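So, here's a batch of structures to check.
Both complexes shown next keep chain A, but they swap its partner, so chain B is in the first and chain C is in the second.
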Partner chain A sequence: MMIWILAALVGMGALAWGFRFAGQQVTGQKPVFRDMPFGVAYGYVLAGFAACCLVWAYYQGHSSDPLVANKFFFLRIGIEGFIIFAIAAWLFRLAGRNVGTAWTKKLFRAMPLTAAFGILIILIYAVLAIFAGALAPYGQEQIIPGVAANITPGGDPALGGNPDFPLGTDQIGRDILSRLIYGAQNTVGIAFATTLLAFFLGGAFGFLAATFGGWLDQILSRMVDVLMAIPSLIFALLLMTIASVWAPRLGVPLTVFMVVIIAVIDSTRVFRLSRAVGQNIVVMDYIEAAKLRGEGLGYLIFREILPNATAPLLAEFGLRFCFVFLTIAALSFLGVGIQPPLADWGTMVRDLSSFVNYAQFAPMAATAPLLAAGAIALLTVAVNFVVDWMLHKSSGLKE
Partner chain B sequence: MDNVLKIIMQRLALGLLTLLVVSVVIFVAVNMLPGDFAQAILGQGATAESVAAIRRDLGLDQSLFTRYFDWLGGVVQGDFGTSFASANAANFSGTNSGVTTVAQQIAPRFANTMFLAAVTAVIAVPVSITLGILAALYRNSLFDRATNIFTLSSISSPEFFLAYVLILFLAVVNPIFPSLSNIYEGMAFSERLNKSMLPALVLTLVVTAHMMRMTRAAIINLLASPYIEMARLKGISPMRVIVKHALPNALAPIINVVALNLAYLITGVVVVEVVFVYPGIGQLFVDSVKLRDIPVVQACCLIFAAAYILLNLTADIMSILSNPRLRHPK
Partner chain C sequence: MTETLLKMRGVQIEGRSDETWNPIINGVDLTLARGEVLGLIGESGAGKSTLGLAAMGYTRDGVRVSGGSVEFDGIDLLAASAAVKRDLLGKRIAYVAQSAAASFNPAHRLIDQHVEGPTQHNVMSRAESEADGIELYRKLRLPNPDEIGFRYPHQVSGGQLQRAMTAMAMSCRPDLIVFDEPTTALDVTTQIEVLSAIRDIVEQFGTAAIYITHDLAVVAQMADRIKVLLRGDEVETADTRTMLNAPQKEYTKSLWAVRSFERPAKPAIATGAVPAISIQNVDAAYGTTPVLHDVSFDMHAGRTVAVVGESGSGKSTTARCITGLLPPKSGQILLDGEPLPLNYKKRSKDQLRQVQMIYQMADTALNPRMSIGKIIGRPVQFYLGLTGAEKRKRVDQLLEQIELDPAEYYNRLPSELSGGQKQRVGIARALAAEPKFIICDEVTSALDQLVAEGILRLLAKLQDELSLSYMFITHDLATVRAIADEVVVMKDGRVVEQGAKHDMFKPPHHPYTDLLLSSVPEMDPDWLSNLLEQRGVDNIGDAAVDKM
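Here is the complex of A and B:
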């Protein structure tokens, strides 16, 4: 095994040398090839080799032998998904460049493909979340009578599917497609509400600390320091343990506790940022002028500081949303987050996870948990792409 | 050198103080639980006398203040108390032999988690620094963009998604590594390594992105400086410019981010350990959270916080040591 790998690496080294030499001869010593270091040539050959492997695996996925096809099924799906998303993002950007106002057209013209992909995905999720009730074929808690549990996704009766349930049913016979769609509403909605609360808390206290300074700033900052010294997921788990005892006694759903707990933990990070941004703004001359005019605290914060702090806070909002979303998903996955029977992606992954082990023989069965986990991953990746682009744009980093 | 020592001592004292305050926060949070520990141990059918007896035994009739210092005194000596779950079991069987202390439960699992973190660090640190250097060297090329997209995706996916994807490809479809990491004492090192490979790979994927991006950014930041220009004009190869001239000066932020990610490793293992049923401290923590085994939850929380603070402190001290300007403040 090791010998084969070594031989392949050496062979590719020879190929790389040949590739560079051929390039030099064919193009007549063009600078690209003449000054190409060996490492770069090697990189090209390696990338070419990887691409060949992928193409080969893709065709294996279409093989008529089901054993071979099953083996490469997920790779095939992954490659197809990647290509489809890339084309969709490209089309979306093309549409954005030609439709809309001059401002949006300009925005789309300078947009990298990853950012277009991110915006497209966020839009799709927003539509799904808002119109979940109309789009989902069944209710999220509905156990359809006369329908078996654990129907395989794919809708092919020969493989244990059912065309009425394209993504199958879960362990107690609920439609997975409907639960995925409702999951967009529940998981994303709760995460969004939590982030808003975190921003409200962190932003308000951060700006207050920045404008007042002095003892208030000291007290708030030290409190935040202590809260930040405990890793957030661990602290959330500890507080959720306590909340799970309190929730039934007070008659308040555990989910409400979760929203508040995560919002408070996350608001410490928002506090740090808004305090830092606020402090930079507070020392400006126009703030001094507003103070001399006799403006009140509310005017100072909302009319003078907030508008000038929007750009960094907006980027932070995207990142915070990702963190909150992932924390909630992790808590739900561990069984202490969003409580059943609400449809939620983290809980779905946990409940369906054992199906992954059937991937070799029934690849369709293994897709159910991956779809839920993939739904989480897709949204966070999309938001991150958009935030990355926004930060890049606002920082003016060119190199 | 005195100066450095003084700064380090200051930071250490600050870290200890933080840890003390954190222990207060954890203790107070846990004591916000309704009912009390005695009720929790004995369960529903407890008589008033037995509750009172247990309360006396555990010192629960003392004030919060006294109990905190008792607990803290025990923790300093390595005594985290007795686990409820085991006390409960012993209570049912009527013997006292099955009672294990929290410290006994945690010690082997802590070692397992440290092993996992060490394996991950051994893979992740060289890989991410190499990738970062390569991305800085070939910046804005196709390679740079592909790595950027790949790392951004892997850092923003939830850990359990990465875990199941790796299980799918490396354990189920191509059985290379086992998907369950059932590690026990006295296991051969190679087998242990083999079983903890998948969780380590997942954690690698999670932390590599951050470290690689920081390495790349730190190096690119320096490439505009005059001395790099000078080195370039002398005709040194781009690789040598980066490795010999830029990297040593970019070391401070890189060390910093490595330490921060190690802190993440110790604390962020919870989900990964649950997915792979890896017998580490994170798994114990989640189990105790579900059982409401308060002493264990408290102890795990404190250990996680201590590890987190310690590694952050290390990052701080390392960045002071590696930067002459911070070493000799004016």
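Here is the complex of A and C:
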């Protein structure tokens, strides 16, 4: 085995040399090939080899032998999804370039494909979340009478599906498609509210610490250090357990407790960032000029510091949103987050997780828990693409 | 001497911004003989550095050579492969950057960085190269040449670093060195040492050099020939002496004329007049480190007091004491004869309004996210309580006063302005408060000479109109000559000499004032040689200061 790997590596090395040499001869010593280091040529060959492997695996996924096809099922879905999303994003950007005001046209013209993809996904999620009631074919807690539980996604009766339930049903016979759509409303809405609250808390205290300095900074920073020293998921779990006792007594929904608890824990990270960013801005001459003018603290923070800190805070917002999202999903998975019968992606992954075991011989059945997980992953990626693009724009970086 | 070393023909360079390629250099020719020093001058944005780098066959990221040829000793640098260039650069062509502090790797000792070139290019062994480095340090008159190489970059001063960098460029005995503004960031007294060291070593080894600078007086000392650039075009090229005595083109003449700006002397201050700001016996310290010792001087309405001294002499600290950012340990500051609270937080709005400040770096002094209208409008609203149309009218008025068109500039962001325009906005912001007294902290030192002259003229005009009192902090004596009425010389946190300007520029001086005055480069190509002769070669700069 080792011999074969070694031989392949050496063979590719020879190929790389040949590739560079051929390039030099064909293009007549163009600088690209002439000054190409061997490592780069090797990289090209390696990438080409990997691409060939992918293409081979993709065709295996279409094999008529179900045993072979099942092995490459998820890879096939992944490649097809990638291509479909890329085309959709491209079409979306094309539409944006030709429809709308002059300003949006200009915006779309300079937009990378990744950002277009991110915006498209976020828009779709937003529409799903807002119009969940109208779009979902069934209710989120509706157990449809006369319908079997655990219908396989895909709607193919031969594989145990049902065309009326394209994404199948869960363990007590609820429609997974409807629950996914409602899940967007619950999970995304709560995550957004939590992130906003975390930013409000962390940002306000962070800038205050940066502007004031001295003892206030010390007290706030040490408190944050203590909070950060406790593993956040375990801390959240502990507080949620306490809250689940308090919630019925106080008559406040547990969800409110969850939002506040996650926001406070996450605001420590925001505090650290906004304090560090704020400290860099506070030493600028224009802040000194404003101080010498006799400006108050509110003006300093909101008019002078905040506009200059938006870029890093925005980047952090995208990241934080994803983390909050995952924390909620994790808490729901552990059973203390969003409570049943409300649909939540984290809970859905947990409830159906045992189906993953069927992945090798019945890949369609295994997708049941992966649908919710995929929804989480897709949004996370989309948000990060958009944030990256905004950062790039606001920093004025050129390629 | 007549053998051509570098030949650039019709070089065109473009830079990428806003998705298109914009020309930076539009076809410049340059010829350099072996052992010749060519001075390249022009304002910032003229393409001096870009052309200097192109002479090495190198362009920065986002910049490309779109036409012409660069031929170094028969080798076409633009067509040469990376391997060929790698062999040339560092060995036969070397580069000395503007900021040595930013160009040395702070994690390695000077000598370790020095030997890198020769050992990489197999010119010398490491031991030979180290010995040679020490020899070069000695030739460049660095203190303790045997030991200085074993220090880290942060352990030596800026002027010494610049010389160490020159030594590094010399390590392979290149045929060509490109100096990119090597003394711009240095004090006048340090500049002399670096200039003389560079000149000697270039002469000694017969190295050809391209010397890039915006300071005419400096280039006059260094170059055999001078080439003037303006926005990517060559204006003219001539012998240094010809160029200085008989410039042909209008633009060159205007560059030469900058130094002639000087305000007429004002009548003596009436005895008994109350100064606008009076500093009395101020002592100040950062923590427990004393910085100012018994500083006292007065500043009167309608007059300019220039405070001069090297960096670290306490000029800016004095300004911080006046503004109240650094409350003095003892002494007091009077505004119109009334004592000001020492801490700015305890001052009333009106007291704060009377003392305004213009900063050295307009880039950091203006909030990059606020429009010009908002920046100037804020003090108008804050101090004078004007809002809406009245505020807009006042801001427009202020913009006109600083010679910017209100309709065009009101909504712009600072990043859409040039350096000189930004500095003007800084002035307008100070004026908006309608103050009595303005501190100008090195306001022209980051600007080109022509632009700086414009700012000085504007400040002078405003002073005459509004009877303002200026405290003008600077280390540039040409600026002092242009704008000051009185001069205060500071050194190590003490006032060493003060008086009216015309008295200060006449002997006898305090020895330190003398050193400062004689270190200001003049437009005479023999100035440096004469000065060094006068002082004695071993007695320049550091040594001279220490002996006082």
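In this text, the second predicted complex is superposed on the first by the 310 of 399 C-alpha atoms of A that agree within 3 Å, B and C clash if a C-alpha of one lies under 4 Å from a C-alpha of the other, contacts with A are read in each partner's own complex, and residues count from 1 in each chain.
As a convention for this text, contacts are C-beta pairs under 8 Å (C-beta built on N, C-alpha and C of every residue); 3 or more make two chains touch, one makes a residue touch a chain.
This structure is a prediction, so every number in the text was calculated from the model and none was measured.
Of the two partner chains, neither chain B nor chain C is touched by A:Gly11. In the superposition on chain A, contact of A:Val356 is made with chain B only, not with chain C. Judged by the touch definition given at the top, the superposed model places A:Ala377 against chain B, while chain C stays out of reach. Contacts of A:Leu238 after superposition: chain B is touched, whereas chain C is not reached.
Judged by the touch definition given at the top, the superposed model places A:Leu292 against chain C, while chain B stays out of reach. Residue by residue along chain A, chain B and chain C are tallied for touches, and B comes out ahead. Touch criterion not met for A:Pro137: it reaches neither chain B nor chain C.
Of the two partner chains, chain C is the only one touched by A:Asn308; chain B is not. Chain A residues in contact with chain B (one complex) as well as with chain C (other complex) do not exist. Residues 31, 34-35, 110, 284-286, 288-289, 291-295, 303-304, 307-308, 396, 398 of chain A are the ones touching chain C in the complex. By the touch criterion given at the top, residues 18-19, 21-22, 25-26, 29-30, 32-35, 138-140, 142-143, 149, 152-153, 155-161, 164-165, 167-169, 172-174, 179, 220, 223-224, 237-239, 263, 267-268, 270-271, 274-275, 285-286, 289-290, 292, 294, 297, 300-301, 304-305, 308-309, 312 of chain B touch chain A in their complex. Contact residues of chain A toward chain B in the complex are 37, 39-40, 43, 47, 70-71, 74-75, 114, 225-227, 229-231, 233-235, 237-242, 244-246, 249, 322, 326, 329-330, 333-336, 346, 349, 353, 356-360, 366, 369-370, 373-374, 376-377, 380-381, 383-385, 388, 399.
Contact residues on chain C toward chain A in their complex (touch as defined above): 16-17, 19, 62, 81-83, 323-325, 344, 347, 349, 352, 355, 357, 359, 361, 364-370, 378-379, 382-383, 415, 429, 433.
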